[in-house]
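Down below are the structures I want you to see.
The same chain A turns up in both complexes below, where it pairs with chain B and then with chain C.
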Partner chain A sequence: MRLEPREKPSLLITFAYPALAILAVFVFAGFLVSLSGANPFSVFGLVLKGAAGSQFALFETLTRATPLIFTGLAAAVAFRAKLWNIGAEAQLYMGAVATVVFGTGMLPLPSPVLIPILLIVATLAGALTLLGPAFLKVRFGVDEVVTTLLLNFIVILFVSLLLEGPLKDPMGMGWPQTKKVIAEAQLPKLIQGKRLHFGFILALIAAVAVWIINTRTALGYEMKAVGFNPRASRFAGMKVDRVMLKTALLSGGLAGLAGLSEVSGLKGNLTLDLSPGFGYAGIVVAMLALLHPLGVVAAAIFVAGIFVGADAMSRAAQVPSYIAQVMVASALLAMVTAVMFTRYRLRWK
Partner chain B sequence: MTDTVLSLDRISKRFGALLANDAISFDLKQGEIVALLGENGAGKTTLMNILFGHYVADDGSISVFGESLPPGQPRAAIQAGIGMVHQHFTLADNLTVLDNIMLGTEKPWRLSSRKSEARQRLTKLAQDFGLAIEPDKTVADLSVGERQRVEILKVLYREARILILDEPTAVLTPQESQSLFATLKKLTAQGLSIIFISHKLNEVLNVSERIFVLRAGKLVAERPTKGTTRKELAELMVGRPIAEPKIEPQPKGDVHVAIRAVTTADGLDHADLVLHGGEILGLAGVSGNGQTALANLLSGLSHPKSGSLHIFGEDAARWTPDLVTRKRIARIPEDRHAEGLVADMSVTENVIAEIYREPRFNKRGFLDWRAAEGFAEEIIKGFDVKCPSPATRVRLLSGGNMQKLILGRTLSLAPHFILACQPARGLDIGAVSYVHERLIQARKSGASVLLISDDLDEILALADRVAVIYRGRISEPLPSQQVTIQELGLMMAGHGFSEGDAHAA
Partner chain C sequence: MGALELLFSASLWAAAIRIASPLIFATLGELISERAGVLNLGIEGIMTVGAFAGWFTVYQGGDLWLGVLVAALAGSAFGLLHAILVVPLGLSQHVTGIGITLFAASLTYYTYRLAFPEVTSPPKIEPFQPWAVPILSDIPFFGEALFRQTPLTYLAFIAAGLVGWFLYRTPAGLAVRTAGENPAAVEAQGIDVTKVRILAVVAGSALMGIGGAFLTLSAFNSFYFEMVNGRGWIAIALVVFGSWRPGKALLGALLFAAFDAYQLRLQQLAGAFVPYQIFLMLPYALSILALIIMSRRASYPRALMIPYRKGER
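On to the complex of A and B.
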């Protein structure tokens, strides 16, 4: 049994295999659901209803998708250049820290001035967080998977230090949380009274911007070339190290924006449960999207929908909401397998 | 001596749309050396992989010593007495010769190793076949020729009666090749039979008794070696007449490149070389003697630790690849897959890799893909690259077309100096003559060409002057009419590099 590359995958195969992958996920999840004694069809119906069955559900899904779009883009940008940034979680928290440092009254400015400033500092905070590991990688060959992953824990402990110390809200009844950002620092809601906020629009803009960078700019071209073959890129005259550092800045910056968007758009302050693993989920989102920036938007909404839908379903059907994580994880595996089969065919001898 | 030991009967193998082997039949007699001659992609390796059980043929059968060989079982092939010596050695560098030879011959669950027995057998084999070897030396300390001897002994130790040698001379000096040929003759005198795979005509004529020519998966000819010529074989291999390159004498121009006493971290050791406009300078040498280091230096990938480097009269010691390209220096890299091209990107994306910073493609950081595609189409046309469109991924091109793409990309710089590293390696004869013509053209227009090659025939055919690189140092170049292959071979083995012996010790 071995794999033979396909010369040209047909259009049918390109779409059929990913569709098959999604189907396989529902069959597998359906099997697990029926083990727990519920009817899979009604459970999936409830998931769908919870994710998109009402205006409230839909807005909730899009709200949840917003940080995932940012972290998904962060992973997609980095992975395309083969910079394995596993540290979007840390970069997100650093972006959030920057937001509360500058957004809780230190700069008493009107919104149109303050929000752009916050965008810049949050981007910088995320970008600089990844710059360290990227520098260690290009200068000393230190594996960035290890450094970015471990930096997550360091940053989260650092944030917890800040929450117990300098950034602790004096009026917070002793809870480890920061002050709320001032009104001028809040991202406007898209619709009065709903949770969906302007961060979602920012995420869409970011996706389009990354798409343009990837396809139209010299930097996007360099990142692609360096990702595929750094040696040939260097031979042709690209400054591979510098491309890596630029990639790190872009990727870290995008993850930093996720932190800003969550604090200024949704939560108002920084706590340790700001992110239930958005940084890690971004990796899944980017892989599901095959690293395509517009695909990231779709994949983020898909993943957010399953999580939001499963929460609603578990309240109604008594099936644990962990099924959402099983579904997302198996979707990733199925999609990766499907993509392999669009590029290769299996031979039985 | 006329017993048939191996016969292949109408072997066919198809990979997708490609018919790699088309009903190939041939036989091998005891005590005979047959050569399997063909260009890359002619199906030689596929055929041998079928014989050795790595692939299963779609059709046809194999019999060894009168018994049919079960398909797809390397173990069965070994037991039937077939041994393969691969082009790339499969030895463990950190083990001794004896350990390497015993590796895999003992049952894994046996606790004690019968080393002394093995040593006796090995010594006897070495004596019988005249393959002098020290069993306790570590493989890492052996020369390339010695390693090949170990590979052959390894196969003999497994009691092979039929030896397959895949491009065995690729890494040898001419002298080492001669001693290999002598060894092979000794083996056949003892009753072994040998299949010798090569695309080098001279060797095939030198060593074999019968020659089978493969072309595009078909067996196109069988010739007794005594009754054929180099020219006939070449034409059979390619399928059409071939013109030899013509080089007219012309006066030397200004000094283009001057390397003086350069030492680099990756292997040059007080190397000197001066290259003039309007000449092709051939650099011969056994691979691994500093050719890559020299290429890296001139490509801007590495910098001298000491000594000086001047190109076009400017100090080039700190030039980067980016700057080298801007100075209109063309570079044909040694390894087109690893260094020349990004296989997963399109033809368009690859052709602009050296020049995408130029204003005609780059408008304030944004790339003009339409201009790039136009440029790609120019190159496809001008250099006869066979590909469906500029959007084709380079991975899907053949080796020859990849090389043409690199040639087109780099010669479109209108270069005054061309660094050509193994420009014809792995190409079929048609593509080789195309590459050579382009280099000759460049010389005619006054450019200097440094031709680094493992192939002495190529160097002697093209170069005005020839130098040899040995352990990071470069000999004084000689006019190519005045040197013979034998002399070059001696120099490649280190003769005339008096200081080098001191370094080696």
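On to the complex of A and C.
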């Protein structure tokens, strides 16, 4: 058995295989759902209804998609340069920490000044969190997968320390949480009375910005080249290490913005459950989007829909909401497999 | 007791060896896989599966050793999935490994919730009890530290010896090591590289599964969410720290665990002055530090993460 590159993948295969992958995910999830005794079709109906069945559901899905767009972009940018940033969770939390440090009254400024400042500090906080592992990678050759993964645990403990110490809300009845950000630091709601906030627009702007960087700038070209073949890039005169560090700053910064958006746009303060794994889900989003920044938006909405829909479904049917995580993880595996088969064909001989 | 006296207490070293046990299994598992040229980032999820499968078997009335066996089989099943995706299909080992971890962990949690829809306190089992080795356990200090452990701990040390013997003293072990260094040479011997790599990943994943099961069958007596808590990632760091050699990796795991046991006791001593989170951070920070120190001298298996395609160079 061996793999043979397809000379020219047909348009049909390019679209049919990923579609088959998603179908396979639903068949597999349907099987798991049936184990609980529920009817898979009615359960998926409930998921769909919960994700997109009403105006409320749709807004809820877009709200959940917002941090996923940021973390998805973070993974997409890094993976394109083969910088394996698995630490978006840590970068998100550091962005959130920066937001509450500067946004809870330290800077009594009007919104139009304060919010740009918060955008900058949250980006920097996320960027610097990834700069460490990226520096260790280029300077000492330390594998960034392990360091970014381990940093996730360290940062969560650091946040826990802050929430029980310096950043603890004195009026919080003893709960480990920070003060609410001041009104001037809040991102406006997009529609009065709904949870969807300006962070979603920021996420869309970020996606377009990354797309422009990727396709229209020298850095975008260099990141792709370094990811494709670092040796050839070095030979061509690129400063590969410097490109890696720039990629890290961009990727970490995007993840940091997810933290700002969740705090300033949605939750108002920082708690230890700010992110239910948005950093890890961002990896899935990026892979489903084939690392394309605009695809990330669509993939994030799809993944968010599964999460929001499954939450609503599990309230109505007796199926554990963990089915959403299973679907998202199997979508990742199915999609990378399907994409491989659009580029290669299997030869038995 | 002072901070220094602690170092010479037998109970500290007994605890260190207990803490090291799951790490030894997991590190050996990752080591075999990487020596064959395959990075297995599925480790964290595979350990979760092992922890649950072993515990659930015993909870259903199975024998403790049957639980260990089921954990190994469950671990190797997910290892096989990883192996198929990255060896013959040549998918990115990073992305696939993370995918396997997410998949295995979420599937475990889903199954747990299916089996126990509404439990507030996790159901318990009767775990492995310490077994004092006759005569040896009576030696002062060393007896208490080394020879009054649970059977799975003894198994961890035996496994380290077996893996070392296998890798360096058997033809199959040579094939595994060569598959990770120079796969074309394995092919030239008429041995199928794909088969060697798949088997190495599957066997390694079985060890990871047992490492997870140690947590539920020996260290604790029930299954908790997130209970693996980064031990898989630490094992990956330990493989680098041990320069891909079983003996050194075993030593690394013991050193690491001794440090962890020490900080746990220090925490009780200095807990009033230093926030407990600082102590909890230390194992992860230590792993990163170990990576930095060792990576300068690290000699990665040369074909690690490089898919092998027949006839391609």
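Methods note: the second predicted complex is superposed on the first by the 349 of 349 C-alpha atoms of A that agree within 3 Å, B and C clash if a C-alpha of one lies under 4 Å from a C-alpha of the other, contacts with A are read in each partner's own complex, and residues count from 1 in each chain.
The rule is short, and it goes like this: a contact is a pair of C-beta atoms (placed from the backbone, for glycine too) under 8 Å apart; a residue touches a chain by one contact, two chains touch by 3 or more.
What you are looking at is a predicted structure, and each value in this text was computed from that prediction instead of being measured.
Once the two complexes are overlaid through chain A, chain B and chain C fit side by side, free of any clash as defined at the top of the document.
In the overlay built on the shared chain, the residue A:L157 is in contact with chain C alone; chain B does not reach it.
Shared-chain residue A:W84: touches chain C; no touch with chain B. Legend: residue contacts after superposition of the two complexes on their common chain; A:L272 is shown touching neither chain B nor chain C. Of the two partners chain B and chain C, more chain A residues are in touch with C.
By the document's definition of touching, neither partner reaches A:V208: not chain B, not chain C.
By the touch criterion defined above, A:I191 reaches neither chain B nor chain C. When the two structures are aligned on the shared chain, A:I323 is found in touch with chain C, with no touch to chain B. For the superposed model, the angle subtended at the Cα centre of chain A by chain B and chain C works out to 70 degrees in steps of 10. After overlaying the two complexes on the shared chain, residue contacts for A:A19 are found with neither chain B nor chain C. After superposing the two complexes on chain A, the shortest C-alpha to C-alpha distance between chain B and chain C comes to 5 Å. Chain contact summary for the complex, chain B toward chain A: residues 15-17, 56, 72, 299-301, 320-325, 331, 333, 338-345, 349, 353-354, 356-357, 362, 365-367, 369, 396. Chain A contributes residues 4, 7, 216-219, 221, 224-225, 228-229, 231-239, 349 to its touches with chain B in the complex.
Looking at the complex, you find that chain A touches chain C at residues 1-3, 32, 35-36, 79, 84, 86, 136, 140-143, 145-147, 149-151, 153-154, 157-158, 160-161, 164-165, 280, 283-284, 287, 318, 320, 322-323, 325-326, 328-330, 332-333, 336-337, 340. Those residues of chain C that touch chain A in the shared complex are 41, 81, 85, 88-92, 94-96, 98-100, 102-103, 105-107, 109-110, 113-114, 117, 229-230, 233-234, 236-237, 240, 275, 277-278, 280-281, 284-285, 287-288, 291-292, 295-296, 298, 309-310.
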